[in-house]
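Chains: A, B, C and D, in written order; residue numbering restarts at 1 for each.
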């Protein structure tokens, strides 16, 4: 591997175009509960999402491992990471989750991207007035 | 026609490596190609306070103006053309308009006016244009791209007259509008601002100090892991997870070292490519001074709802409109450049 | 020639742009619940919604077709659409659930009070009639029970040719697992024949938390056998065609009257002679 | 009628005690498949499975069963079959598993395969025959297997089979 680094160091011009190559997709989601004051811990949130996956997509769905990269318990906002092949299943199960401990709820998906960086640079968040 | 649940929309990532000393390097043209930038985020390893020269560059970012309910035909006003469009570089983008739903307007530095209109507005305007590249089945969106510096579009000319009448009395297109000018700034825009309800805005800067940050070998790390790590730093996501932890297995790419401290700086607003180029030049000087760590990273996010993204290529929004680039600069003048784009975009330059 | 600034032409039309729409929100007598529904829809980015009055005639007693309450009475202040600067547009719609041929009275006067007209047939014969002959804008596909019939190509093509669209709603799928299976099964059957064209996706939500964002529905479309692009059309451009179809349906039986104001004439001689300037005619070499 | 394409799976029910085979009927096998699909692929799978899935043919003697799936999602439904561990028959759980021998676009292509498959099994039984009389019996059944295929050709194709080629 060593010679490769040398070549990289020397600044020889290299260009590669990768198509559909990102292994993961990232989601910025927020859980809205009927009773605004109730709270979930990170573990409870992940388990709740897993039940949704299992109901909608069965054991295959439950086998999709996704990461809770970041979670703010006050706003119930989370950043999720999932293998690109599991994105549609995860997203559809979030959409069809309607109640948490017999309280109405809804997952609001703010942004989905194959790049975590894009989640911190969404121009639709620009508030000027 | 069963839909494969494991497929995701198209995405492109261009990875380039070269050196600033190589005459063929195109960084400055690539930076210049992304005209409407929403956010710049900077990562300075082993640095805990922003060096003064960098701070002054960031403070000197051109301010921009928000015009409320701008009648778009005002952009064809003679004085405005003379003071803002024909001299220097004007940057204009409709604000709070969604490229996949609403009419969007962009005024490019080379004097080109881009209107991305839905079918009805396009037909009422009555000016020639072509269907959007991202139409699906029915032609529901059309793009009109006009070079205002062209003699046919000179005030009084035939094309100018028809566009002015179309915008003024037939379509009466109105939109909130972001406007900026380089190098003239507000002065060059005075002719238009004086007739509208406007407010001046400064790009918003924020800083965040980081300590004990695990950091990958940025020279040889594979592009996606590198971009993921940079995204994690920007989003303040911890990489200290074990692969067996239930909540998250995100870990810093191996082989990794630990930075005792680092500074993450971000600026938001309508940011001009010229300002970003100045920032890059300043960063390169910063890298020449002896310092502990020999690299810095700069990420620039384009506007998700701009009618154009790279150069004059049409930009669209399917389920995401991301287009950004990350420039990793090293002490020895070499760099790694990653240009990323989503489903409805041309390939970055 | 100074141009008069008076409105010469009622444009831009906010009615028919291909913005995100949810054409089925169940109307609710409880004003605060309805206001929350409309506010949530605006917050999620829907620019146009339709309040759905459901009318299920039963042969037993004579029922009255509901009368739509004027929007201004139902909803106080129309909220601004998320990330935009214009308020949400609210229409009203009637859905007639037919289990017998007599339930749908062609061009009944009461139907004309609504902006949109939909029919939900519950038998194969009525489905065929709805697609081929009923003067409606939307044919609803049941999501609360397994369809007792298969979709034959004839009625589907008949509806497509007449510009009548099929509607699938997702709120039932959120409520419980049985209805979720029926919704997915019926949707997949429909897509088998109509290939994802001529379909709209809407909520049929009864409360705010049953609404989902447009991009969520686009992703959900994959479960129904729709591609991303078809799903996106199903919440935007196809909904626009419903609005246009409704406009033509309502004006077709009424008298169309347009009068040209003098400015229009003055304007017309100004620009190129000939008809409405259409972009198709090449202007430049 | 819209000609909707299907996929036919020719499977063999493998049981430890062959006598149990006789207890099976197509309803119970169908229920076992539906349950496995619902467990493996959840509501989504169950919904797809409720659209035109059925057990077309079950031979309780040989344990051969024909399953029909919609072409659009047969791979997904097929992926659930390995998870069947038993079939419930009148309250009694018969431990078994389904071995998928062949996937065909029509019943006919599956039939052709079945006949070739049966002939092979008979050939494999030949060396194991204890006495001459058994060997004769096996040879005779191999013969009428190939003969059976002979007159099968003239017979008009059965059911909806015939027009769709294998994938």
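What we mean here is this: a residue touches a chain if its C-beta (ideal position, glycine included) is under 8 Å from a C-beta of that chain, and two chains touch if they have at least 3 such contacts.
Chain by chain, the UniProt names read as follows: C = Ribonuclease P protein subunit p30; D = Ribonuclease P/MRP protein subunit POP5.
Since we're looking at a predicted model, the values are computed, not measured.
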Reference chain B; chain at largest CA-centroid distance: D
B-C or A-D - the one linked by more C-beta pairs in contact: B-C
Euclidean distance of C-alpha centroids - chain A vs chain D, Å: 42
Whole-Å gap separating chain B and chain C, where each centre is the average of the chain's CA atoms: 36
Centroid distance [mean C-alpha coordinates] between chain D and chain C, Å: 47
Length of the line joining the C-alpha centres of chain B and chain D, rounded to whole Å: 59
In chain D, residues with contacts to at least two other chains: 43-44, 72-73
Chain C: positions in contact with at least two other chains: 83, 177, 180, 215, 219, 222-223, 225
Touching two or more other chains - residues of chain A: 55-56, 88, 92, 112, 124
Chain A residues touching chain B - in the complex, by the definition given at the top: 1, 4-5, 8-26, 42-43, 46, 65, 67-71, 79, 81, 84-89, 111-124, 126, 128-129
Interface residues, chain D side, partner chain A - complex: 38-45, 79
Complex contact set, residues of chain B against chain A: 5-8, 10-19, 21-22, 24-25, 38-39, 41, 66, 68, 95, 98, 199, 201, 219-220, 223-224, 227-228, 230-232, 234-238, 241, 246-250, 268-269, 299, 301-305, 319-320, 322, 324, 326, 332-334, 340, 342, 347
Complex interface listing, chain A residues touching chain C: 32, 34, 55-56, 88, 91-92, 94-98, 104-109, 112, 124
Of all residues in chain A, those that touch chain D in their complex: 54-61, 92
